[in-house]
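Remarks on the structure that follows.
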Amino acid sequence: MMELVPGSSLITKTPEEGPALALMLARHSIHEIQPDMVVLKAGRSKYSTDPDSLIAASQVVAIEFATIAAANNYWR
Amino acid sequence: MMELVPGSSLITKTPEEGPALALMLARHSIHEIQPDMVVLKAGRSKYSTDPDSLIAASQVVAIEFATIAAANNYWR
Amino acid sequence: MMELVPGSSLITKTPEEGPALALMLARHSIHEIQPDMVVLKAGRSKYSTDPDSLIAASQVVAIEFATIAAANNYWR
Amino acid sequence: MMELVPGSSLITKTPEEGPALALMLARHSIHEIQPDMVVLKAGRSKYSTDPDSLIAASQVVAIEFATIAAANNYWR
Amino acid sequence: MMELVPGSSLITKTPEEGPALALMLARHSIHEIQPDMVVLKAGRSKYSTDPDSLIAASQVVAIEFATIAAANNYWR
Amino acid sequence: MMELVPGSSLITKTPEEGPALALMLARHSIHEIQPDMVVLKAGRSKYSTDPDSLIAASQVVAIEFATIAAANNYWR
């Protein structure tokens, strides 16, 4: 689940890759704070079935996506 | 409920499409984190009737909308 | 309570209209997620009397207002 | 507590007025959502003594302040 | 704990002063909402030992810091 | 855990260093609010095993990262 940021860029080829990179950055942060995969996997059953946790997680992704979109000049 | 981002652009023809795309991006993120539609539908009865969950969800949409509005140069 | 975004613009004539449009956008998002007005009205007695819910709601409005203010070049 | 936004501008003469206007905008939003001053005053004893509520309120002010600071070109 | 914003500027001499000013702005907001130092000090034992409160507080600081960093053109 | 911001710059050599600096800034803020390392370490067992706390922490990092990415002109 917790992959490192691939390559060394916020630039993506297509807009579709933006949300995927945003999610990766969010997961990367969580992995940095809690590197123990056993703990992270234990938590997944909780947050992935709780709507409020999912909404909170999607907010982090939205913030990372805003950064990525700006980096890519909004793929205009 | 969880459609993929249509086309490959943050650009919308009209401002009215902005909030709709923002909601779609938010749902897309949640779908990426929890792909199981049965789980997602089970959670809907909870978050869609809880004002605090709805407020939280609308915050995610507001963040995505900010990105989309900037991408569209605010439809000026 | 949940009106559609009027006109097709984030541009307002005066700064005073900015917060009103921000609130309308926030309500519009919630209405999109939960279109059932009976459910929305049932929740109002809860969130509108709970300070934490009101603070959370005002945060969504603040985020929408940031977008609207930028769109209007801050009414400079 | 809930005054209307004074004048029709986000521009302040000094940076010190920025946080004050930010707080006023936040309060204005809450007042728009819940216009009943009796309800608002009833809630004050709760949120104004709860650190988490105060932190949440200060976050709304911080978001409004970001908008005001940008409007004033950061008082450079 | 709650000092007023010193000087009348968001400009700092060094980047290190940025986070300090951000914290001061956040505290200033809380002080504006709750001026009673006895109440504020009473709450400190709660929020300063609760990780979730500390994370929430650091988020407010991060938002204020974003504004300060932009004001300083990121100390480039 | 709570190191001071190294050097005096938001500029990083590579994008990979961006998230690391963002995490450092977030930790620095928390350390400023609660300097007692014993208290901070006592809280770690709670927040580092609670998915919602981890999501909240990753949100702070995302906000700091947005600032750092802008400072670095998105490493374009």
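Per-chain numbering from 1; labels A, B, C, D, E and F assigned in written order.
Simple rule for what comes next: contacts are C-beta pairs under 8 Å (C-beta built on N, C-alpha and C of every residue); 3 or more make two chains touch, one makes a residue touch a chain.
In this text, all values refer to a predicted model and were calculated from it rather than measured experimentally.
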Chains contacting each of chain D and chain E, listed by label: none
Given chain D and chain F, the chains that contact each of them: E
Farthest-lying chain, centroid of Cα atoms versus that of chain D: A
Rounded Å distance, chain E centre to chain F centre (Cα mean): 16
Cα-centroid distance, chain C relative to chain F, in whole angstrom: 31
Per-residue multi-chain contacts in chain B, two or more chains: 52, 56-57, 59, 63, 66, 70
Pairwise touch network: line, ring, star, complete, or other: ring
Complete ring sequence of chains beginning with chain E, oriented so that chain F follows: E, F, A, B, C, D
Partner chain C, residues of chain D touching it in the complex: 5, 8-11, 25-26, 28-30, 32-34, 39, 42-44, 46-47, 52-53, 56-57, 59-60, 63-64, 66-67, 70-71
Residue ranges of chain D in contact with chain E within the complex: 14-16, 19-20, 22-23, 48-52, 54-59, 61-63, 65-66, 69-70, 74-76
